[in-house]
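Have a look at the structure below before the remarks.
When the chains are written out, they are named A, B, C and D in that same order, and each has its own residue count from 1.
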Amino acid sequence: MSYNTFGHMFRVTTFGESHGAAIGCVVDGCPPRIPLSAADIQRDLDRRRPGQSRFTTQRQEPDAVKILSGLFVDEASGQEVTTGTPIALVIENVDQRPKDYSAIKDLYRPGHAGYTYDVKYGLHDYRGGGRASARETAARVAAGAIARKIVSGMVVRGALVQMGEILIDRKRWDWEEVSRNPFFCPDAEAAMRFEEYLEGVRKKGSSVGAVIEVVAEHVPPGLGAPVYGKLDADLASALMGINAVKGVEIGAGFGAARLTGEENADEMRMGKDRKPVFLSNQAGGILGGISTGQPIVARFAVKPTSSILTPRRTVDRFGRETEVSTKGRHDPCVGIRAVPIGEAMVACVVADHYLRHRGQAGEPVAWPFPPRAK
Amino acid sequence: MSYNTFGHMFRVTTFGESHGAAIGCVVDGCPPRIPLSAADIQRDLDRRRPGQSRFTTQRQEPDAVKILSGLFVDEASGQEVTTGTPIALVIENVDQRPKDYSAIKDLYRPGHAGYTYDVKYGLHDYRGGGRASARETAARVAAGAIARKIVSGMVVRGALVQMGEILIDRKRWDWEEVSRNPFFCPDAEAAMRFEEYLEGVRKKGSSVGAVIEVVAEHVPPGLGAPVYGKLDADLASALMGINAVKGVEIGAGFGAARLTGEENADEMRMGKDRKPVFLSNQAGGILGGISTGQPIVARFAVKPTSSILTPRRTVDRFGRETEVSTKGRHDPCVGIRAVPIGEAMVACVVADHYLRHRGQAGEPVAWPFPPRAK
Amino acid sequence: MSYNTFGHMFRVTTFGESHGAAIGCVVDGCPPRIPLSAADIQRDLDRRRPGQSRFTTQRQEPDAVKILSGLFVDEASGQEVTTGTPIALVIENVDQRPKDYSAIKDLYRPGHAGYTYDVKYGLHDYRGGGRASARETAARVAAGAIARKIVSGMVVRGALVQMGEILIDRKRWDWEEVSRNPFFCPDAEAAMRFEEYLEGVRKKGSSVGAVIEVVAEHVPPGLGAPVYGKLDADLASALMGINAVKGVEIGAGFGAARLTGEENADEMRMGKDRKPVFLSNQAGGILGGISTGQPIVARFAVKPTSSILTPRRTVDRFGRETEVSTKGRHDPCVGIRAVPIGEAMVACVVADHYLRHRGQAGEPVAWPFPPRAK
Amino acid sequence: MSYNTFGHMFRVTTFGESHGAAIGCVVDGCPPRIPLSAADIQRDLDRRRPGQSRFTTQRQEPDAVKILSGLFVDEASGQEVTTGTPIALVIENVDQRPKDYSAIKDLYRPGHAGYTYDVKYGLHDYRGGGRASARETAARVAAGAIARKIVSGMVVRGALVQMGEILIDRKRWDWEEVSRNPFFCPDAEAAMRFEEYLEGVRKKGSSVGAVIEVVAEHVPPGLGAPVYGKLDADLASALMGINAVKGVEIGAGFGAARLTGEENADEMRMGKDRKPVFLSNQAGGILGGISTGQPIVARFAVKPTSSILTPRRTVDRFGRETEVSTKGRHDPCVGIRAVPIGEAMVACVVADHYLRHRGQAGEPVAWPFPPRAK
């Protein structure tokens, strides 16, 4: 059962509400003897942190992470390492302004989860979205920082590839560019267009959607548990579960519907070291739910936040018709901050599958085969 | 851990290979006292069965299901009903032709799972795709037939909405039409275009992708387990896990990336019986991972099968470069038969969440609220 | 997968080491709208707390619990209630004395987990047993306090029924007595004998084992998930998983091996309100893995702690033979403090099964039957 | 959630009722490339099979197992091996006599699960106990035969050590003896006493309880997942979940309650190959929930079956008081056939933990340590 836990061998349980005392998570199943410090986690948290440009919410949260358990000094290196026991992380909420929410506490804001939480549970913490707030994703990013260390050599990077109607030009893709603009955009020219466009959206008090692409390189082949723990199925679940996400695709994705079998086939040749290579990657690095060794490519669509200045018709908890508009601190494009979150989720899923594979079949073995001895 | 099991309270474990003795499943966690017969299941299986038109593989499988356990005669009604114990279903494989596969047993067919199974496990059953065959999905359809009976009033229907570059016209959508053409197409005109188009694809020995839409109506509000068992995340996993699926979206889906907050907001008014109604359904029936009571709308993209007549470059198990083309029985558009499979997966996910919700919070309660007494 | 999580619908994930910053847990899956405060939890924690008599370790830990998430004010009552989201609890470690452990950090103390943790993980936090410390059980007791509130009317109580060779006299069983002596002993006379006996054990720097009995009354009939989630199997797991436990039994337990079928049969008659009653309870309230409605009776045996003054032969991490004896703060009979822990584990297991049952089959229905309508 | 599935990485899902069409199981998560044939499984099934002496039920079931999936010919060896996909096993029911049960279909037999199944599900398959029948355990034994092959070198053996009041003499323990008498008794003299005693019990139409001991040798150290997947906790669950079991203990078990710390400590010395050895095994091979490398020793108590000739008072489904006695085919000591079942459950649990350990921490590493490089 997964309510607030994801993963099977690498398991992440998160807790906390937007305006409660703290948010955090317990990471369980981490292999022992991995060097880890709060700084390793803080680095990723800082990429997700709000208030870093005028294009994200102005809430000021230091997002300082504290590690409560699961580390111990390794005598050989003098470094703190994981012990194989649960790693509990806590991030205190600092810049809460629950009063901001008293005006809308009985209103259902279109596109928000307040209505469904109320239907499900009979009440909900309306302060900043409570449990449904994007603030919860800080815990995911923290867990992802640990996951990145599990699969040796793996690199997981994300980028914003579409904002509203504007797409990047893939020919200009430059990973270095991603950290140089406030949009995680790999195309410097598109970043400038995003800036101008989003400035207009922000000034109107409106919002806009986006598409994010995450690429995981150096993922060992053989990861994935067919047929109901497929790597792509688990990625789909992990990415669709991020706040505001409405679509997920792998490799050619929805574009694959338009292709013929000839166009879609990733042909194979022998490469150097007698390893097979693929001549294209329509598959996005996954065949039959199992990693091929090619880069894993996933994209997800983020809807525009419903917190906008233009009044929208709605009802309240008492069944009265009314209107609502949002004047508080909000993101004109929540998709931006979804980039490090998407990376974290992909890293967690791959790490989980790495451990699962190792359990069933031992360390991943690369070509050449046929069959190894047991 | 889920290798070959999905669901949490309504759990489906499938087994079997394309050319082994049989395929089947064990459905566990089904509520007791639900009337069920093999005929109920056979009806759905017959919709997925191959060989029913020239547009699907000509393999002839009766797909006759046998129920081995989990039913007992209810004395009051004289009918067989579920007992709450596992329901084991077996479907024998009849029209196996394993010899068809000897020529390609050492070749990696681009786009097939043979390569990744070999990397993962060190061997694989190459006959008809073995475990990775679409034949496995018969077990899902069987399970879905049971799931449909669990949520009272729920109706789950699917349709093919795109084949290659051709889209249906949503204004002509007619559910009645779906059973009248071999494509599960809800638009009679599009069906005719599909037919002509696919006939050309078939004759060339080529294949083409498709998009399927599944709609679940009369799903109680309140289903879904935030934040890591969200209804949309579980649907994404269930649909992405179907063979050949490369993308999943809910409601506005990838289109949401292009929308502004104003366009995307599903406004609310009070309807009859003092129940809130939504004026649109961009959300696809799910907010914050929880069902709203509106129809749940999910779409998924199916790639063209890689089994085509045109030779493709590849390698074999021994690291030799070669070419491969497929002359056997295959589907020019595997997306067609994915329609009942998609329905089944959606039904299973909703049934599971219905039971999960009832466990945590009791029977779903509809508006009006605020809070019910415990 | 369960490393540091137990339960299925009512799920408890614990974290923390004996001498780390804090211990705690995340309780997930709790039904919404249950009144809950830190005081409710503190009450149970105080019963388990060390340093309350000379018969338990003199470590001084206030065990003050903080609730970080999962509660919100119910407007109707003005009280804090559960929201259905994860309840995170933290208990800071205050009276750590890690220096006490430097002398034994490389020694394997017979009966302690240091050796096996080292074999498993390649290192371990040796301070006070680290993760293997009984301190971890405070988190269980906290979770148990929440579990008790889920099953309406349920009462779970425990008692020490044997210490070393001394057994209580069941004819003198008085639940009121349990809180009047430092042994949780229901027999006042036995308590006096325990005191004298344990004082001798303590002065010698020795230790002794014990047997605890936990009784859960007013558990609805019908709870338990045959055949691999049987109520008794889950109780066995929960109780055997308490530190130092070496045996678990239900009802007649090992005594059942000595009985004939005639003696062991719990005969039935009709009681008042036309409800069936059992004339004995050899079954301990469970038949076929499902609760009967009778009191659930479980017993477990706790070994003597291996932390004793008498030197024992052992080896160290470097493979050198040596001796070890323990001079620090320890419990001469760890079984005493196991009483509230056993209660907590039983409460958690029953609460979990209550929710699981409700999910599959709806609210438990008492006699009369046969069959209810669905 | 586990209703009819146990294990985490090595997962067993069973199905079937005593007098239905068939029983069986799906074994999932098995490592690939393990040689396996139906004969391997049949060997263990034949040890559990009824009707082999006058001391077990006279039902005649060949218990012939069929493997439906999960195997494929390994080209190198020409042998069938596991493929890493689900292994489905089916055993047809042959000697059903459902008519035998019509007389008692409305009666609740004391000690049987009919009453609790009815309370839980509102109906039950009363023929031979339905799902609650010991017949279900054939599936466990089949799964255990596979599990035995996973942990290289592991030997799991069981023996009956007590029948009613009669205990074996441990000094005469001889594993060879176990297969020479119909009681799985390791003490030839005790076996003769058992025979005489049980003959008397059988003739009276009575029944008697028993204690079984299972020993697993050559289990790698380091297996077990503290703190909620402890090896002993999982063994307790697995053994308590066998039909009619009322108690489980590890190592010294309930006897540990009577011991002092000095007596209970398993002292350590350095043995040959610079490996640590234990001078005793009160721990039963498990410390802190993790295997030490010593033999794992578990015992469980089986109650006398309630199917006896002497009439017992009971009620029926309609709330009428009555009496019941059993004249059909039954076991005077169900504990006998529990021996191979106990072995199977222990083998499954250890195999599961072997895979789980390998997933988190890689192949088990034996002494010497301290710390290996990652």
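The rule is simple: contacts are C-beta pairs under 8 Å (C-beta built on N, C-alpha and C of every residue); 3 or more make two chains touch, one makes a residue touch a chain.
Every value quoted in this text rests on a predicted model; they were computed, and no experiment measured them.
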Worksheet item: Touching subunit B and subunit C alike: which chains?
Response: A, D
Worksheet item: Compared with subunit C, which chain's mean CA position is the farthest off?
Response: B
Practice prompt. From the options A-C, A-B or A-D, choose the one that repeats interface B-C, i.e. more than half of its residue-numbered contact pairs are shared.
Written response: A-D
Item to complete: Averaged over CA atoms, how far is the centre of subunit B from the centre of subunit D? Could you give it in whole Å?
Response: 38
Practice prompt. Could you put a whole-Å number on the gap between the CA centroids of subunit A and subunit D?
Written response: 44
Worksheet entry | Where subunit C and subunit D are represented by their mean Cα positions, the distance between them in whole Å | 26
Fill in: subunit B: positions in contact with at least two other chains
1, 3-5, 8-9, 14, 29, 32-33, 74-75, 84-85, 120-123, 131, 226, 356, 360-361, 370-372
Worksheet entry | Residues on subunit B engaged by subunit C in the complex (per definition of touch) | 1, 9, 29-34, 74-76, 84-85, 226, 355-356, 358-363, 370-372, 374
Practice prompt. Enumerate the contact residues on subunit C facing subunit D in the complex.
Written response: 1-6, 8-9, 14, 108, 110-113, 115-123, 131-132, 136, 162-165, 201, 206-211, 221-230, 232-241, 245-270, 274, 276, 279, 282-284, 286-293, 301-308, 310, 312-315, 317-321, 335, 356-357, 360-361, 364-372
Discussion item. Using the touch definition from the top, list the residues of subunit A that touch subunit C in their complex.
Written reply: 1, 3-5, 8-9, 11, 13-17, 20-24, 26, 28-29, 32-33, 66-70, 72, 74-75, 81, 83-88, 90, 120-125, 130-131
